[in-house]
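One chain, chain A, appears in both complexes that follow, with chain B as partner in the first and chain C in the second.
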Partner chain A sequence: MLTSPKDTATRPTPRAVPAREWNGRGGGFLVKLALLAIVNAFGVAVVLAAWRVESYGILAASVAILVAVDWVYLSRRTVPLKYLLPGLIFLAVFQLFVLGYTGYVALTNYGTGHAVTKAQAVDAVLIQNERRVEDSASYPLVVLRDGAELGFAILDTGTVRIGTPDQPLYDDPGAVVDGEGRITSVTGWEVVPRAELLTDSALQQRVFDLRVPASANAEDGSIRTREGSTGAVYRSVLEWDPASDTMTDVDTGVVYTATDRGNFVAQDGSALAVGWRVNVGLENFVRAVTDTDLAKPLLRVTGWTFAFAIISVVSAFLVGLGLALVYNDERVRGRKIIRTLFILPYAFPAFLSALLWRGMLNPEYGIINDWFFGNAYISWLGDPFLAKLSILWVNLWLSYPYWMLVCIGALQSMPAERIEAAKIDGAGRWRMFRSITMPQVLVSTAPLLIASFAFNFNNFVIIYVLNNGGPRFADTSFPLGHTDILISAVYNISGVAGGVADYGLASALAVIIFIVVGGISAFAFRQTRKLEEIGS
Partner chain B sequence: MRKRLTLSAVAVASTLLLAACSSAPAPAPESPSPTEAATETASPSEEPAPSGAELVVWVDENRQPAVADAAAKFEAETGATVSLVVKNFADIRTDFIAQAPTGEGPDIIVGAHDWTGALVTAGVVETIDLGDKAGAFEKVALDAFAYDGQLYGLPYALEAIALVQNVDLVGTEAPATWDDMIAKGKEAGTERAVVINVSATGDGYTSYGFQTSFGAPVFEQDESGSYTTTVGMGGENGVAFAKFLAENGQKGEGHFTTDIDYDINQALFSEGKAPYTIQGPWAIGAYTDAGIEVAVNPIPKAGDETPAPFVGVQGFYVSAQSQNKLLANEFLVNYIATEEAQQALYDADPRIPAFTAVAEKVAADPIVAGFYASASAGVPMPSIPEMGLVWDLWNAAEAAIITGSEPEATWNKMVEDLEAAIAG
Partner chain C sequence: MSTQPQTVTETPTTRRAYSAERAAGLRRRWWREVSWKYLLAVVVIFYAAFPLVYVLSAALSSSGGLSGSSSLFRSVSLDNFARLNGTSFWTWVGNTLVIGAATSLGTVLMGAAAAYAFSRFRFAGRRGGLTTLLIIQMFPQTVAFVAVFLMLLALGNVVPALGVNSKLALICVYLGGALGANAFLMFGFFNTVPREIDESARVDGASHGQIFWRIIMPLVTPALAVVGLLAFIGVFGDFILARIILTSQHNWTLVVGMYQWVSEEQNANWGLFTAGAVIAALPILVAFLAFQRYIVGGLTAGSVKG
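The block that comes next holds the complex of A and B.
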């Protein structure tokens, strides 16, 4: 290892050790080999597991990762990649995949009523429309086997009747029934023991799917069993024709045709309950901006999101900076204790503080009105303007300690010579703050300000816990309110919390939010470079 | 030094890789939650060609012990394996709809009946046939799990809210009407005559008994008891209820106020500051802990009809994508739908049993009997997917009327919005 090409490459003054140069296989290499072997063994295990459960996406990804790892760590030409690869894999798995998948969902109609594939939807429709024949009896039943063929035997008022999918039920006088009414043997068939039936997955599936016609007339329905010991007569109301892609109601003759919107729809427009996921292109994005019922409230939500994020960051930063300036002054007594006290709000979990604030802001029972407003009735969270004010206030309370900490750090790391130089040049306090302190603080805090903006842009917790987006907009049927920010709006529209889900639309909105936040962050980071030029 | 660096880089890289590989299934949309991964005893993918059949059941923490007992008996008698996965009750619905289509979901879940519509339209739930056992269950419980004439769940517990009263302040006698209750409440001389949860977001669920006493159901029911998508809250009856809310709201008598949320409601009643409240069985523990002796009675009439609160039913669903449907049905019908298992479920999590024999046994307790009576007069909470559209609009309209909006206009606007949203 000492003499591996990588070492020679990075070594400032290469030593010539000719005796080991050609060998290059030290103990380190063996360790590397062992680790790679472990990784490979694990990777192959994952690949095999993926193969067994037919998860071909995971299989392909695992193979690709494994090949990449082996190539990178065994090749001599990939020195930088040896360091970068783990990070790149994480980036691919946790960032790019999530982004890509969200983007993919945004192009579909995934949501309530469109949650499954078409094949599953067809199955579900058929399941839901196979109905028990009204007032039909339940019969004791056993499963019969003859080689690979399966059949049922039922006990119908003292008579044992047997049948197979191809042969409707017929009487079997030779069958034996024990004292407890169980069929123990029938002519020409083996009775499958119950224990075997319950432990054999494949057999179970076949038995569950088995239908034995009750008579030669298909209208009479078929015997089926759900748990293997009783049977009843069922009839399928719908018939599936894969060739023409239609479901036909055998009673009414109504034909439901599969549409490219992922539903079975009849001539009169009525649709079957279960639909499937289809690609709808950019429709979700178009809807977000053109559907007036959605676009108008969304625009207001967007405006408030920006206001909330910007005001939260700026107010917390200014309060934090002010406190930092004051409590960084050596003349303040007991500043360490005071600073610790100031940091307290930062130490509580945010959602807990938000819950406490919600209680304190209660108009009748909260202590805010009680203590500070002479028990007046002020509906802090019920009025659109006051609710926004309350949220900004609580968020300020939660986040100024962070900025105080950061600013104290920035102030303390400021070179004292500059202040001295400014003093000698005769600069006043304000001038010194404006030209020296502020730019210096901004250099080190600007990236944090941007990060904080991005965080507040998506600060779901405080919005959700404090007031759940309320008070609600009165002029839309979407569950959105005056203090909803984009991310909580997406949450409400997605229907994760209950109600009608539209993951497609929610994903489209999430993609838009990503583009907005990403764009603003990129722009802002570019701007901070200018600050750094000032600072240096 | 350099050697060590290279080595540790490789070591770190391989650890990262191990982590990356082990989380390789994570990108799939159905990524399992940590709790699930931790409690799942054996995931199907790790077992080399399962020889015995395995049932995966999603339960919540409360019901886990009772289901585990039934599962142990089932395992012993059939040789099959049952894996219980403990999940947060509120997450089961969404996770099930997301995971079932991938084929990796559970065979059975515990759930609430009002998920039925969502599960049916998602195409993830199998029908159930209780056969001759259907007669052993409360009818309202079976109706609740029925959707378009098919049964989709095995019910096991009911719950409904009722009038809870402080025995020391107003005795055990049930007030017949709203006015009667208010008069008695005022006589008790407490801070409030009655405390009813509204909260800032509104709470149509708690007030639904009063609403139905005006004859204004959320959705109309057809002759078989199934809910239709016709909104029943419009018209005179709905407006009468809206006016009732306004009269008793913050600009009126003040009995309904958005300032009272669940926690404040609990505090006021527990401190004896209000003699009456409308609450469910889950709230009783807090009252008895606070030393309040309570009596439970049906909700009093505000209009002319019998108040019918929403009944919530809990039960078990079978996945449409299950590979072990026969076993799943056997487990539910022959092991869970038994008096013994239903009693165990009641003991583990005391809710009114849906199994009549057990319900009658536990109704010896007057508190249970009170909720049982209230539930018997109730209607199943609609399980049609359209109900999801109702909550936000409905709650918000009630909150607005209570805080002083013009009742008739606000109510009618809500009904119009709802009808528009349902029409899509």
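The block that comes next holds the complex of A and C.
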């Protein structure tokens, strides 16, 4: 039997395994077919959905993935790919693409006011500027309901036409109209009784806001109602001329011209509210350096990012190394217990620690002021200097045990002969530490020091959870603060958590982080190679 | 460090006076060189442990607020723990477990499969693939969170289950980082399994799938456990992606939910937070202390390997 892998591991020639027990295409093959069927079904569904909403990028990607999956798992020649493909797909979509997309977004003005494509922006502008067409006909109208969804039905010269915000008007031959010209029922929808509409003010508001397009073309306007029983055609006061790329206000005659900045701008400089995203080249990067409102705070954030990362690593390393050296002494009893108590902070999840310290540093009720400072009101997280100090202090608390453990390991793996030899040569303690211990420890911890620097460079959790990057800078309109590091600045500027969004600028800053961290990692990688050569 | 007290215990009786002097010297030396280490230990232990003692005390306090929590263990009650039932806390625990378990399972399977391919097959692009993975893993996915968010916005229009505010989408995003971070670790482990084992199985007619599932995978179980645990801890502690992707309260993970408690009404929610923190941290604390030896071993192995 080959069910126990230990047998095969210990026996050099597992002759007890009869070849016929492997029954080639059995259950495994069926499982594979079933999985492939599920993946194909899902993939086809995604392709169809992408087709429906006209997302051609996603459509192309899912077709490509589907073809790759089927080819790899049905061909007999692609054995390594059968193992690599699932991971590669996730890697390609959720990491490689995302990295590339960051670079692309960094070159655009994607953000609030420039969030959509040009075609979408044109439609949105037209819809936002709709007014009732003067002296236009009004139609008898009823409100339709299907669950939470609302729609309208109008009577247009004897034909009942129905529609919803997503579905432009279409004829409904099955509708019933009573003798007084009122629509009483339509196919597939419930007609909302007039009495209910008059009593339910929330429903009223939704009905008054409802906009049913007259056709798929936004320029044809829409049907709206002001009281729920008659509808009229609303049309945009702007007229879109694709040939000259302009919007003309038919009331005032003002012409808005599309600019390469992604806005419709009139001659007097006024712009329409909705713009579209365009490529702005390196402008986001240039802005980060030259914009007076942004460059100065960003420079301080960058400086603090480096200071925070370097001080965090160095302080934790020194404390950890010191403790490892001091308690690497056989005369101290109970070292095991001492060590276990020392590493307690490391075993407490980092985000909980940050939240815990946030409460303990509270100036009014926190125990730090209460226990150690005689209940004085010290605003640890409200003062720029104290906030930085607090963050470094908390990060030291979090990370010195890691370095202590690493250094203990490094000290214990130090060859005893070397120490012996140094002693015989009459080296003093300091001399031994400097010439033997320290180099040995550094050789084995240098890669970890660099990795830890890269980690702290992007240590969003402690910065954001402890103090949200506060206190805020007073001299800038950007939501940045004295303890923000680059990645929390990206977070605040991007607006993903609410507020004004500037994805373009945020992505540009992310690209800068990538360059720094990538550079450091590449350097670390080469150093590690060198150290390995030394070690071997 | 340099003295060995045992060597002086067997001195000849005729030289008792000398030996007494020697013992006194040793004692002085102990006072000078060792005693302060106990003193320092007390100070460090206080620094390390007082926040943890405090969180336990605040969790057990009956006051439930930050303001009444400064005297240790003045009252001991389970009120705060009972009050957790009236909140979304257990939903968040469930979400964290589901997302963490799915991510670590997916990471282990995909990472192991990739490591198997790199370790056991020789194919065009193998070296290039390994190098590419090494380079990719230098660029942390979390920094690209803006692009992740925008991509999920677009994806959600097509497949709502993979859009913003979906746990499945978050799991997929985490899995995107699986290969870069872990394939190398596993690649090393897979290389330690002798090739003779799978070659002999192949001679016996085993297919590559059978070798993978029935021979290699059981042999590298410890490595799989380590990678799975690392992935789980990564999910447990991730804040930035979870916060921007999971927007509605019933989808939150522990990190996002408890952050919201403390950042919104720190004073009022302090009892809830401390009780939740004790529950969330206790399993990890116990596991950590129980497996301390292995973790220390792993760290030093890592430190030597880089």
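Here are some notes:
Everything that follows uses one rule, which is that the second predicted complex is superposed on the first by the 319 of 536 C-alpha atoms of A that agree within 3 Å, B and C clash if a C-alpha of one lies under 4 Å from a C-alpha of the other, contacts with A are read in each partner's own complex, and residues count from 1 in each chain.
Assume a residue touches a chain if its C-beta (ideal position, glycine included) is under 8 Å from a C-beta of that chain, and two chains touch if they have at least 3 such contacts.
The structure displayed is predicted, hence computed values, not measured ones.
By the document's definition of touching, of the two partners only chain B reaches A:V69; chain C does not. In the superposition on chain A, no contact is made by A:F373 with either chain B or chain C. Contacts of A:F348 after superposition: chain C is touched, whereas chain B is not reached. Of the two partner chains, both chain B and chain C are touched by A:V98. Judged by the touch definition given at the top, the superposed model places A:G28 against both chain B and chain C. Of the two partner chains placed by superposition, chain B and chain C are both touched by A:F90. In the superposition on chain A, contact of A:W357 is made with chain C only, not with chain B. Once chain A of one complex is fitted onto chain A of the other, the partner contacts of A:V53 extend to both chain B and chain C. By the touch criterion stated above, A:S521 is placed in contact with chain C alone, chain B being left untouched. Under the contact criterion defined above, the residues of chain A that touch both chain B in one complex and chain C in the other are 2, 28, 46, 49-50, 53, 55, 57-58, 83, 86, 90, 93-94, 97-98, 101, 359, 362, 364-365, 468, 496.
Those residues of chain C that touch chain A in the shared complex are 1-2, 5, 30, 33-34, 37-38, 40-41, 44-45, 47-49, 51-52, 54-55, 65-67, 69-70, 109-111, 113-114, 116-117, 121, 123, 126, 129, 134, 136, 138-151, 154-155, 157-159, 172-173, 175-180, 183, 196-197, 200-201, 204-210, 212, 214-215, 218-219, 236-237, 239-240, 243-244, 255, 258-259, 262-263, 266-267, 270, 273-274, 277, 280-281, 284-285, 288-289, 292, 295-297, 299-300, 302-304, 306. For chain A in complex with chain B, the residues that touch the partner chain are 1-2, 4, 6-7, 10-11, 26, 28, 31-32, 35-36, 38-39, 42-43, 46, 49-50, 52-53, 55, 57-58, 61-62, 65, 69, 73, 82-83, 85-86, 89-90, 93-94, 97-98, 101, 112-113, 115-117, 120-121, 123-125, 127-128, 130-132, 138, 195, 197-201, 204-205, 207-208, 225-230, 232, 273-276, 359, 362-365, 379, 381-382, 467-468, 470-472, 474, 477, 479, 495-496, 498-501.
Only residues 2-3, 5, 8-9, 12-14, 17-20, 22, 24, 28, 46, 49-50, 53, 55, 57-58, 79-81, 83-84, 86-88, 90-91, 93-99, 101-102, 105, 110, 323, 326-327, 329, 331-332, 338, 340-353, 355-360, 362, 364-367, 370-371, 397, 401-402, 405-406, 408-410, 412-413, 423, 429, 444-445, 447-448, 458, 460-461, 464-465, 468, 487, 490-491, 494, 496-497, 503, 506-507, 510, 513-514, 517-518, 521-522, 525, 528, 531-532, 535 of chain A touch chain C when the two sit together in their complex. For chain B in complex with chain A, the residues that touch the partner chain are 2-3, 6-7, 9-14, 16-18, 20-29, 44-46, 50-53, 78-80, 93-94, 97-98, 100-101, 104, 118, 120-124, 126-129, 131-132, 148-150, 200-201, 257-259, 261, 263-264, 320-321, 323-327, 329-330, 333-334, 385-386, 388-389, 391-393, 396, 400, 403, 413, 417-418, 420-421.
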